[in-house]
């Protein structure tokens, strides 16, 4: 089940960047949930390419169609299949790279693993697949809203320009989803500079969930933080994941890092919302670090499928900073994890089971 | 299956720190593997507490017993159950914390989730559970050895003392598993200083795998790097995980971060051994960041199970730097992931399937 | 993952009888397999309604479209999504049963479980969903062909008319997939008599696999026979499953039932192809018993969703004997199980793993 | 995960008949359940060999020990590990069959699959492994009792002696778990006759569950009846499974087989408690058919591991009718399935999810 994610709320995705469609089957959505198609489309629109200077110029409408699982506007408890037909595939852009391995891409490893690959735009390994995740994540967010959980995201870092405060309302409106208006221009500049140099640049997103009930996460091997880490590291180009204090916690003393508890809640927030892999009720903070887009317009040494050393010179249209649109994907994945965990958590106490069936 | 890890090679663990035993059932080990009990015990001995100044003074022999799955020294293809009976439980140490939530521990979340908890030493959430992982990981390493994969680990950072070079042979002999002899003393000092101040300190481990065949990892939702991230973040006290360039990649340009390919291999090593979630054949580098042990001997404000604000004052014996022994656990988890992926990978090409059944 | 079947070769299906489409995502197909679309369509055509007197008059072209996972005629190792758009939905046929529970159908249980249901033609519980299984099973058969495994099926019983010999070549041509030409007419008569009486009739299929390698099946909880039983009992209207001697084995003595072994193979065939849940290399025989179609054109007492006793009078078009088309589904499910087991079996010996990675 | 059963309540078993122990890890038991060890032991005692003339003379105390997951008499939500140490292994009984394949046993298939086998008493394929299932099933029954579900079993058929009525209270006291006192003697006679002839005999059990809430079962691929079929067919020696009318339904007309609904419940009971794979609230009836024990004391032709034709002459102690003790295993497996389904079912409606988290 290598293309399925989740245990109780399960997303299976399919599709290649230059095939007929990408899509997903979302299984386990509780019945009776109002499925707001406009809300799903709105999430896809956030991830959609071609919207401004800071993303690839490729224009794809990314129109989602629901094929099943919804009846008279509500989920029925059966799988919700959603499909996004591909409309703007310029396969010819890829003719010159058909037989070579683009550095930093999955071309080499897919070829070695499978002995065949759809070379057009990365095929299955293309970030285009993440559109399906965003559609599924949008449904997860509809479900989470019913229990008061809100998931948000934004960019806190591009290159060395790093946010000092996190304004998610601002991020939602920003062309680069910048969390901090004070550094937004510096971040935009960094993107434009990279783009103009035919280069790309790395970046990082913060995903925050509020209203998370205490108790989500299944120890020992389906912990909330562990599954979030899997979800994030599995996003194209992600190389680092932190929960709460993250990497920095390795430099701290216990007396600095422990969050004392008071009647008004935790006195500090180093843990980032989990204790022992279970949500603590505190704000959940996940930081996700994206490498620079490997597709750049500078010549790079590489190999072709015959083992010859060749030069890779890319054409086409690419995101100069994959973190920007990636933040929307990270938010969607976090929503899927939380919704899955919320469902798995039901029945953890025998008194809950008794009450459920006593009605 | 929240206590089972892996898809094809599956480890299920059980046990509490102060119950009768901790243990695991390892399912999916190929038949015919020579099971070297001494090698398994040797791994447990590396993780074992009470060996020197830098770990808890608690002495536990951690003697592993194999209950099943091995016949005449070889695996039979049936589940290998291993158990480590607890022998040095001082439950009375925990009398004074029976009703309160130790800051930074899972006490609060377990209580909220389950409404009951084994308060003795953390119960299931204790790092003692990781002994079972190390036993299972040792078997995974026996299997990996058969295909030329080697997994090693060591400490590269404690507090601000950070390794500049990685000497795994040295780490294996070092009392603190230090990778860099040049900073080992500084790292030891940091631990002792924290200990003497009744405090604790964070640290970080590097896990490295060499000889990994190209092609391990199942895209899109069982990618090698994603599952490694899950495995690492799921270890007690881990707050950050990096693959290759990690967090730093967010600051780089594509032209700096891309690894060009040549006939002699990758020209640089930013990726850390995976491309598109699949092993590239290059050295696999995972960095794992541990928070400082939450158990410190300074009074901390907290709540009890009745909601009262109380002061937590710990007794007992604790690791001043959980990263040290944690590095052995991280190595074991990485071995389990790689062995699982190696088995899952078989049959990815129809020609392999055909050849397998043609014999 | 209640809509996913299989562990290594995983089929996820979606869709309702009167929604936009039914379909499946087949994950885990080895890369490089020639995907013969005509062969897939041919299997769907066998299951397709409206072909003759013995099936529902409902005409549906059941045209399969492949959305992903195939490139230049070969599988790429990525998920193969297949969709069959619904074209002949007469939802108005169902207006009069909108609020009542058809006896013998899943109407009542879906309503109670989910509190909402797509009442048009049974929605998700419709046998129409099985078209997706047949499409996936067709791909499984393409894979099995590569390793010399053949899966066939036919009807051996309708009402009391029971086959005495099994001619699968005949079954393939027969309008009712009859295995025994000698009883075919009696079986057809039984169907027509039931149909003319506005009634329906039960029946039973035999699924046979030949060329199955020894060793398929994962003891103890993914045994070949157990998973086949799950696969069969999960088909709409199935109420009984037998492997080999089946129900009759309860009447036998050990000396009658044991299959002795000789150099030329098993001396008898009571076991039906499995021993200890693992394929023995002998012909695999599965018998599948279908209840009569619950949709009949006689008034039946039932309840409506408000709890009132009402009379159910069906209109529309229904199969008089669901076993007939059901046999094609049973064959597809058996193929999926065998293909899954063949992939799972790879790596069961360490010497196999060693050889695989030594290349 | 071939040695794990269940999705939300997961049983992993381990152990061989002549190894150190058999046991299980039961994961997913809701916290706070009173764990009555005597009740668990009582279930094991029902399955225990050596109790009377109708079972093997082998005496094993089958004393269960709980290693984890229970604190102060209650489940904690963590895995419950249970172990039964082997005490009466007479490995020497097996010396003469070390190199040959007992007909009707898994010796051949294990050897072919794994290339190694623990030949002592069947090793992992021994019915001894089912002790672990009975222990886990006993815990499932404790959980089911909390929601008013009762699972019972008994023998309805041995050879041709078949029960006409089902008295589960009688079965519980009967030495052969006979459901019908009127045929009990005939059934006992059949067993003794087979035993005295150095032969064995088949039999069949009925498992019945009452109080099952409407709505258990996860369509389409984790249906209640399908998973029950898997659970039953996976028990050693089972060759046929029926739900409700079972095999006989193939001979019926729709008008005979449909269960009409009234305000007082279903007017008849052909379905056997499921509709569309979901529990209907009606009594759940599962029939399980066991082949005769393959171990008989008559010479049988077979092969040895070198491919030579040899004669198999068994010594040792064996059940003359494996169905008898098998019925206890079937009951345990049914309880596990129902408990798993009860937990999975929670959260099937968004209003349930909302209510759960609104507290």
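Residue numbering begins at 1 within each chain, and the chains themselves are lettered A, B, C and D in the order written.
By our rule, a contact is a pair of C-beta atoms (placed from the backbone, for glycine too) under 8 Å apart; a residue touches a chain by one contact, two chains touch by 3 or more.
The structure presented is a predicted model; accordingly, all values stated were derived computationally and were not measured.
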Chain separated most widely from chain A, comparing mean CA positions: D
Of A-D and A-C, pair with higher C-beta contact tally: A-C
Between chain A and chain B, centroid-to-centroid distance (C-alpha), Å: 26
Distance from the mean Cα position of chain D to that of chain A, given in whole angstrom: 44
Averaged-CA centre spacing for the pair chain C and chain A, given as whole angstrom: 37
Multi-partner residues of chain A (each touching 2 or more other chains): 1-4, 7, 13, 31-32, 77-78, 110, 113-115, 124, 219, 344, 348-349, 351
Of all residues in chain A, those that touch chain D in their complex: 7-8, 30-33, 75, 77-78, 143, 146-148, 213, 219, 342-344, 346-354, 356-358
Chain B partner contacts - residues on chain A that touch it in the complex: 1-5, 7, 13, 101, 103-110, 112-115, 124-125, 129, 157-160, 194, 197, 199-204, 214-215, 217-223, 225-234, 236, 239-263, 267, 270-272, 274-281, 289-296, 298, 300-303, 307, 309, 323, 344-345, 348-349, 351
Chain C - residues contacting chain A, complex: 1-4, 7, 10, 12-16, 19-23, 25, 27-28, 31-32, 65-69, 71, 74-81, 83, 110, 113-118, 123-124
